[in-house]
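As written, the chains take the letters A, B, C, D and E, and residue 1 is the first residue of each chain.
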């Protein structure tokens, strides 16, 4: 696909309120830069993220979707991220199965203290999505001829 | 259609230097439903809030978006401002254009573009926000303190003095913690036991304090104001009510080979023991792994000698369940294991010891009865070398990246005490930096140098080589002289890094309190909320939050107590109205949501439903909003979308997604 | 690439991680043979003073025993910096630490090949 | 059990003992060392520079040879072991070295650190087992007090070598104990003998060696055991204490020393 | 078949059940379709043969709302679906009388490769033949029974019923293929090939909703694709979100609940192998969280509403 040099990916990052959103805040107050392509949506817990939101984002033009939550075992609601982990494991496996490039989805556990990890995660994720170029597959899974 | 106002904060130059705030205002006015938009240097200021109030009135706003710092900073401020001015606080959304935008991006065009998108997402969400009313929940007026060291004792005393009941859970047989192991304390050199024991006694005799020693927290459920905690009271095999603490059992016990934990394993103790003379309660425990009777069924000597019949080999662990409104973590610290520091010959030579072991050696109740002697041959050491920063300030995998904070001061203390009591013993300290911020701290260190002649050498030690004659050859460096130093010593003391108690991870998990990469508990805000955990109702006291000395620990313990008292003083707490809710017309009654609810907040009832004219009895999910904490796990298990989360509804989140991807 | 950058690249070391504790120098078996000491190597790189490093005899004194690398609490690996300085020297013509002519006189009956090999690697390109 | 074997240049002549005993003892203990057909000298020292490739290629060739035979690669000489293991670590973990080395090598399948490098002592400890070895000893070295001399190369850097605790190793002591002798622990067993410096600066090396042997003698060792020909050369030139290869000691205990 | 009718009449006449849920003849024998029978006489139209592939369990949701008990005939695989519905409180066990019927594999008319089919004989239960005789406009043809069987019968879960009140009729083992072979084949493709494959399959979809309507797991009172729960605008638009993601979301919604009954693929008028989505999830669940068969058990935790602390991380298995 033709990718212009100035092409910027659209990245949606779902962050749980208790760990990862706070980790993103810490990245901010520590001035740890990551690309402006990343837009964060706050959710109470990673388990609030419905696979439909992720598919929706892709369908509406997102090039990458990342979900960040508390580390397993550290969920504010005790168990939320464990459910999220299973859901996302299956969803990502399905997306791989459909031939959607694997670099477009990711789950990362980022604690409130991990500003550095948040920034590093976003940098590496964006880099990967940029390398893949614009997402057309999920937006175009059902081409009507 | 909502009438939405957008308020863009400059945050001085924090936002405005990187984000073109005027442009954000201009773009906001083009959004559907936005009837007013303005920017202001400090929206959170009094004057900023007045402007918001005026805009709400003038434009009859039914929703508002503040583009500012993180909602974790000022969401509450702006929601209160809205509420005061007649707008439901849950019709306010924050677009985080500082932490998530201006502070991490350098290019103004790029940052402005992102700020506009974040604003749009917030506007899109507000369109779908519903006015919500916070509920209320009762507060259990009792606090739990986990850990009975100086931090836990002080917190408990302060809470108890304010008139609230408080329980201390301590896993060891006695309260007292690390401080009870110390000999003297810096910078005053007063005796640790002399200042600690009265507090222990006060805690034990306080009418509002219940102490559970030899006990551990097993399970925690509930939430702020309403925690339910299971406490395992480990079998003591001694009846607390009957025992008089006479100590005969310990003298008579034939199993005396167990390492004495209180003396850091430097000597041994009996199988039935109290850790130290001033133990509270002064009731021994039987170490089941060492007791001959419990292991083989034969012996029973302690039972025979106990005149009051307090020994009970049949005791078992007991689980008690208690209710608390607040929980304080005061689990303290331990020194790190030194098995990865073979170059210092710890474990290889008995005369290489940690500072905490030296505390026990210097203490009159310690393994050498307070005489400074080598553990290898009992001789008095004439040359002692202290090595600083053993395992602290390390970025490798052997040690800890942080400064343990207390070592510089206790080393100065040890050096001074030794020089004072044994003037013919030379003391050398190898240091990297001497860190003495604190009242009278640097003066204290200087006294060690100037008045006591302690030899401080700037430079680290590379190796400690035990010699055939029993001495230790210390290979160090003097960086100021630029010389390698070979120093023969009789004893080497390692200022070993401290780390949070190993149990803290387990406890943090039970409390869902967050923990950092070094296993220190995270505070809600590093500057402004240093004694609160981000988990409501959980507070932090002492070294579990970060390295600190005794005065700091006591100060923090008091601060944590004040926070607890402030919580317990309330009769009711406002509850989060962002709870789950089932739509009876869509609900299948399939029970999947209840399976994932961590709070047991979902039940089912059969209800007559009128579904577009069809009237039938249906099994419908019902959420108990007092129990629901709003995680949203249920919403995703619900295939029909009947279960939704107020404040973070499916449609709201999809609107945000759409706005970002637009 | 300037020499400082070259040293950083060859060694893969970030000298800014050093906290100046001196454990490398305390551990170094060649400390007394060196004019610039192991902990100073790191500082010289920070200060862009590669000239002094190049003129120092220390690069030829390091035994590559890795004691400093093993014990460094900051993961700075001073030994790698010293080796990089040596590399820069031997990559320049005429800067070898050992010439081929010298060798026969240095050998004895028992000299193992290993010694010859390692000396060649260390002293020459 | 069969292993690929990398004898190294010194074991071909000056350290023939080290080699011969190693092979003979292997057979006795039930494993076989199959010498790689086209091995080249490891170079004696590991090239530390991140940009050095050519000097690593002989090791890569040997490693790939073992990989193709699906065998672990065994070395006896400390230096060979050190170089092979570190190059292998680079090939597994350093993308740049992996790519560039493979570009030179042009193998049918790129080498990515798949082979496992073992020291002969590790085979004894982890595959044969010291308990098992003890049972096969026919001439227990009872009454002998032996100091293990590890030197640098077996142990450091610990994060890559993973051979034993780099500051407090025990493998040679356990080995000595298995042979019926009494190990002597002395603090300089992991300090440097001077290594290659002895070619030019004999006094410097001598001082280091004397510190080592004096310490061992002080703790009553009557001989030192080593795995490195260069260590042996340096120590022998500067000490009254006998210095022996560990394989020779092993052969003696297994009763095959005279077989040669 | 006769014994089923006899037993059904008996239960109806005794008043033990108010109605019978079974299959009735269509115009052709191979047109059998689900039907309720309220009277003994109407049972004359009852049929049970190789073409009775339809899974009746989903009809029990509506049957449960009616007065009195319903007699339902469930094949072994249908009983899993019923059990899953029972677990989800969608059917009332008290209002069902379940006769587990034997199964020797069910046929797909689409698998009989002859034009102008008039009549198929040899598919009559209980004595189904190994060879089917097919009368067509152009003459008589034969085809082995196995060759005309539904895909799902080749990978049958087994011929044991997991829920029933009584059993009637005999079964025969029909397994001769690996259930996950096709999924594995796709997994091994390059991303480009996978995408091309699914794009070509899914592009055939006409959104007739037959798959959803037949699926026993798709029994929501109000399907998200018909509601405003997730999106308010853009209904019935071929480029809308639901259009593109319908099959993925549907598969996710039934993940951990789908018994792999294969009805979706059986009814798809476009012949899209829809079961390959469900089976991918089943395969992953089995591999990652332990073997799990939806509907086999009422109690054991379901894979998506349970967890272990050591579960695989998302993206496991990715290069």
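Here are some notes:
Keep in mind that, in the parts below, a residue touches a chain if its C-beta (ideal position, glycine included) is under 8 Å from a C-beta of that chain, and two chains touch if they have at least 3 such contacts.
The shown structure was predicted, so the numbers you read here are calculated from the model rather than taken from an experiment.
Taken together, chain C and chain E share the touching chains B. Traced through touching neighbours, the fewest hops from chain B to chain C number 1.
With A-B and B-E as the two chain pairs, more C-beta contacts join A-B. Chain centres computed from CA atoms place E at the largest separation from chain D. Inter-chain spacing, taken between the CA centroids of chain A and chain C, is 46 Å. If you average the Cα atoms of chain D and of chain E, the two centres end up 66 Å apart. Centre-to-centre, using mean CA coordinates, chain A is 49 Å away from chain D.
Distance between chain centres (mean CA atoms), chain C to chain D: 24 Å.
Counting partner chains per residue, chain D shows two or more touched chains at residues 166-167, 191. The multi-chain contact residues of chain B, meaning those touching 2 or more other chains, are 343, 463, 596, 637, 650, 654.
For chain C, residues that reach two or more other chains under the stated contact definition are 67.
Applying the touch criterion to all chain pairs gives A-B, A-E, B-C, B-D, B-E, C-D. Against chain D, the residues of chain C that register as touching in their complex are 9-12, 29-30, 33, 61, 63-67, 69-70, 79-80, 83-84, 87, 97-98, 102-103, 106, 110-123.
Residues of chain B touching chain A in their complex: 70-72, 96, 98-101, 103-107, 110-111, 113-114, 117-118, 121, 508-509, 512, 514-517, 522, 534-535, 578, 596, 598, 629-633, 635-637, 645, 648, 650, 653-654, 656-658, 660-662. For chain B in complex with chain D, the residues that touch the partner chain are 339-343, 345, 347-348, 397, 463-468, 473. On chain D, the positions that touch chain B within their shared complex are 159, 165-168, 185, 187-188, 191, 215, 218-220. Per the touch definition, chain E reaches chain A in the complex via residues 183, 186-187, 189-199, 202-203, 205, 224, 230-231, 238, 241, 243-245, 248-249, 251-252, 255, 277, 280-281, 284-285, 288-289, 303-305, 307-309, 311-319.
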